[in-house]
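Input: structures, listed below.
Both of the next two complexes hold chain A, though its partner changes from chain B to chain C.
Moving on, here comes the complex of A and B:
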């Protein structure tokens, strides 16, 4: 097929998907969900276009080979099952409401007979709300997409690194350090717009150091990043005795109020009234995934990374400057972790130095593996990483929707992830994978 | 090859089933969620045995006040983790919510929005308050005053002063700061809340030398808490007038366990907080001087009671305005003691209940059993 036609088709598809989600969540939502005041049409449009283009680029870059599709089969089926379960638990909520809906409906009929239309309309709105499946309410979908975005940003970094034959166990601690550092910088009087690049620079530098330690000093990546895990956690606790927070920062620096809110709105989609108007983190993640996809599937870099991950020695003999590429991928992974940290600070308003982002490295690695990235290196797709990162947020939501006791959650999550990876492996094997 | 595909499909189906079964079981006929009952939710700050006792109280409350109570204990003490759970629960039609707020100042704006959206604004705080969040009432002790009570116990145990080692999970959290500040303020005889909040500590508070000039934290890691206690005991071996204070539920228990292995139990004075099984056992055996209890069972019961109160549309003025009183756990118990404390900024005389450790221990065990049965 002509590449231009293909690209056009993918882009069109992206817009169609984005428009579908947008309209579905807008026609079908809780009447109480309202668009927060500060949202200008222009911002929303820009975001919408960014999301649509990103989806298009992701689709275009994805090579439609049988093996690539096989890699996605497991995670797609798992997600299908989980989403169905989520929808079902929401549906049960509606069923629980049925007696109440019946009472309200008969009251509406009575009110209308009596000519009291105002109150009847009020009640009808309530009934509509009760009849809706809460799992598909707008705010709920947007919130879950944002959580997906957060995991996705980490998963893209971890996925690229694993694919190129590395591993990073310090992601969680670095998320914590970046979140705390951003908060501390702002509280110390650094303008939020400067603090963001500063934190990202710190993240990138940390990754560079990891890469150089691995390629030049020849220490195992596992060890370097394991030590990093302790170092960054300790640093996070050292630079901040308590929990840094947005409110505290704004009290010290009232001037920062506007830029902080602005930054939060751009990066997370939370408006000044604390309500989520648009899944900002999700869109950002899609854009990053699209960039990663272009690098991976449509550029020489991607070829090199796959080659290095598959067989480093062979890549070296083929003339690839292995160390430079490895350092770059380590830097990308840490940079994305730092970005996720800042987003976490902005989204939650405050972070706990001692445990923020704990075990995120494992979530990111699990998500990448679920999405078809081989732990042995040399295999994986950008689309897979995005899908893999969706599993955990959906599972977590399901735990809360389906009235599952807190102490069941860890083993249920573990089993679901295990089933996912096993299914993935079996599907791949059945088709004579690698 | 075909058979393999089927095998894979079966595995995925099984995975989907794992997800679906609890979805049916939970909100279907069985378990805590019977259809038709009004649902409310309680979200704690972290998973802990302390909250299991509270859950038992909430379960009793659910039965007494005919509510379906969802009780969630987040895996870690992180604002985002807690608020994600709250966000999810507010989507499934709860008619009331109670939260043990991790970081009151920073969570207030978001909690305000959540309180506004809840039916009848039925939002309470428990255990850790966020007064500006629009919560209808707060169920819990004043951690600063409870800390001061610990300080009083320290002074009564060693009237001539001595060396104090202070252990706590974290000084990030609001209740951590307040408890530490309470103890040190009582010892110093002046209010040191703002210094403690800023992480500034002195070497001496009144007649007591603060070991390492700061509280020793473990970040909620119980193994680390045990190691901290053991190392500090080793360091301070032979120092006269030694008192170890543990301010999170597991801290006094870990101190006692370490002291027992080093043969120092009974020699080092230990004063605690809450009602860990080991702590109560230690108090009963005379190895721990005493403990200040928040009565978590009562937290759970009262929270459900006041959630129901608002759902029934009763007068909001009847909701409790003052913090819940704390109680003392000692070897022999005894008559209530009178204390002058600050209640909402006003000095008031209150009665502090004294519980006998062996009797309280039985109550706690019953609560654990009830919580386990409810799960």
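Moving on, here comes the complex of A and C:
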């Protein structure tokens, strides 16, 4: 396809999506619930533009090969099915409310006959709310998008690493360590704007160490990061036996309360009124994915990573300094895990050192594989990672709405992953490949 | 004429998109050694696999002793006495020779207990090793520690243990040393005398002349002709294989390089980590093809890898265009214009799963990028030029390079480097596993590069190639330079004498 046509379509698509979101957020909320104070129109506009540009860049960078499209088609079908199921279960909720709606409607009519318009309007708003499909209600969608953002950030890191032939099992523990470390730092009075880069630097350094252990000492990545998994969890529990929390930090250091709130609003979209005004993590993830897409599909770096993932020796014989690239992707993976940790802390307000981020490394790997990243290395796309990361939050929401017991979640996820990989393998074989 | 042992009559085999065999006829008599010859993709391997039950023919039939047979699996063929010996040997490297010989059919005693009959197995194993000329002590050795030639013999012994009447060998000598190859020939002669038939695929024409009674030539999945032992000559084979006369198999258009030309690349007293205790010094002049001969294990590949930065240099110096060159990693060599076409194309030369274009671009991405971004138009131009100038047969630049034939794969490896404008090109076995047609094209390319002033250093074990292409030859023996031969002194005996260490 003509590059220009593709570029236009991608950009147009990005803006269309952003416009859609804009429209939704500005018309779909409760009339009483006007934009809370920190959400100026300018802030929201900035978010929308960031999201639109990110979507455009993602689409533009995507490499239109048959294999890539096939992989995307798979995860899109899966997501479509899940979303349809979600919509159906939400729809059933609305139907359950039907008698109540009827009662309310007749009351509204009575009130109107009596001339009590104010009360009638109030009730009508309630009816409108009841008639809306709760699965696609604003608060729910925003929360799930933010969850998607967290998984997505981890999945981009893990995906890039797997693609370049590595693996990282320490992601979950590192999320925990970063969250706890950030909490401890702000409780100790470090300015939040300083604590963030400090935590990210720790994450990056951890990744560098992983990379150097793998490339220079030649320990298997699986082993290095398995050890890391224990070490970082232990460190998190050591530096903070209790749970660090935002409220305590704000009490002890009232001066830093405002910047902390500011940081939280920018990274997660939670305003000073503790309400989620916008899916900030989601947009941040989109922007990171767009950056990853440019590196992966439009720059020499991505080519080298694919080559290393498929055949490290061939890359080496082509003059690529393999170890530097491997160290770099290990660092990126850990850096993003640290970022996700900070976001978890800001989003939740307090974290438990012993459990924060537990088994996130497996979620990240699952998301990457569902999105078409091959565990053998050398295959995968940025768009795929974004879509793959969406599967788990959607499954989770579906479980809530369809009243499926949460005990079912692990085995459902396992079966979905198994089904996805088997289907992918069968498609590959049917094409006559080896 | 007596009934042939095995016969293929009008065999057809269709693969998605390719008609691999189109009505091929072929028969093997008892105690006969038959060569199957053809370019890559001519259908040789497919024919062998049909006879050995790996593939089922889509048309025609296979007759054993005149009776039509169907081998649904390779095991069925083996029971009927037809054994295939693969190009990549199928031995369990971690087990002993004895265990491999009887893998899957271990003689047992004790009825339902199925205890291993250790003593009987050892006796039977010794008899088998004796037939292929291996010492009985080898029985307890682990296969992994054997040389490639010995592994091949073990595989033959295993087939003999299954009472094979026909052995099918797919390029059995491609990874063997000269000595091992001679040993294999002797074993084949013995088998033949014992009434066993052998079917033999090879790219080495001299070898076919040495040990085969008859040659069947395939071209594009059809019979192209047949030659009796007396008719087997280089010219006849090549004519049938490519369907035309190859006027100049080794084109030479370049002018001779004067002896006083200053060298482009010079190694003096070079040693490298884990290398031999000797130093190596040699020089390659611009516009010349320096051939490097030697037995397998003489340290030729290792030396080239040290120069290319794959092995750390520990002593001596490398000089390029009179200036000292420090190479710590392949990237340094690539930037300096010292480029290597590696011996193992599939493992080192190419990312097989990726496209032709991906591979052509890989070492040129720096030049194709502005800042972070690759310029798609310039990249497409590079792909088009590379494919056109090397005449790579591929549907498009997006085709996975692993799906191309060996010759076209090798052209892509060359194409990677040509786009960079090489100063020194190190070729390690440049035509291994490449069919005859593509070989000539590669020779023409080498000639053209040298004519344009590239210094070519060609490592090869193919004697014809060495004698036909080189302007000058150096011979290595056990890690040191055993001697140098000018073009006027070049002949097979002189090379072999130096390579085997005779003074």
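Going forward, the second predicted complex is superposed on the first by the 407 of 434 C-alpha atoms of A that agree within 3 Å, B and C clash if a C-alpha of one lies under 4 Å from a C-alpha of the other, contacts with A are read in each partner's own complex, and residues count from 1 in each chain.
As a working rule, a contact is a pair of C-beta atoms (placed from the backbone, for glycine too) under 8 Å apart; a residue touches a chain by one contact, two chains touch by 3 or more.
All figures in this text were calculated on a predicted structure; none of them were measured in a lab.
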Superposition on chain A - do chain B and chain C clash or fit: fit
Which of chain B and chain C A:402 touches, first, second, both or neither: first
Touching partner for A:416 - first (chain B), second (chain C), both, neither: first
A:319 touches, of chain B and chain C: first, second, both or neither? second
From chain A, separation angle of chain B and chain C (C-alpha centres, steps of 10 degrees): 120
More chain A residues in contact - chain B or chain C: B
Closest approach of chain C to chain B (Cα atoms, Å): 10
Contact residues common to both interfaces of chain A (with chain B and with chain C): 432
Chain C-touching residues of chain A, taken from the complex the two chains share: 3, 65, 294-295, 298-301, 303-304, 306-307, 310-311, 313-321, 378, 432
Chain B to chain A touching residues, read off their complex: 1, 4-5, 7-9, 11-20, 22-24, 26-28, 31-33, 35-36, 47, 70-80, 83-85, 87-89, 91-93, 102-103, 105-110, 112-113, 117, 170-173, 177, 197-199, 217, 219-220, 375
Interfacial residue positions of chain A with respect to chain B in the complex: 32, 74, 77-78, 80-82, 84-86, 88-90, 92-93, 95-97, 99, 130, 134-135, 137, 139-140, 143, 147, 237, 241-243, 245-248, 273-275, 344, 347-356, 358, 395-398, 400-410, 412, 415-416, 419-420, 422-423, 426-427, 429-432
Footprint of chain A on chain C - complex, ascending: 15-17, 308, 310, 329-331, 333-335, 340, 342, 347-354, 358, 361-363, 365-366, 368-369, 372-374, 376, 398, 416
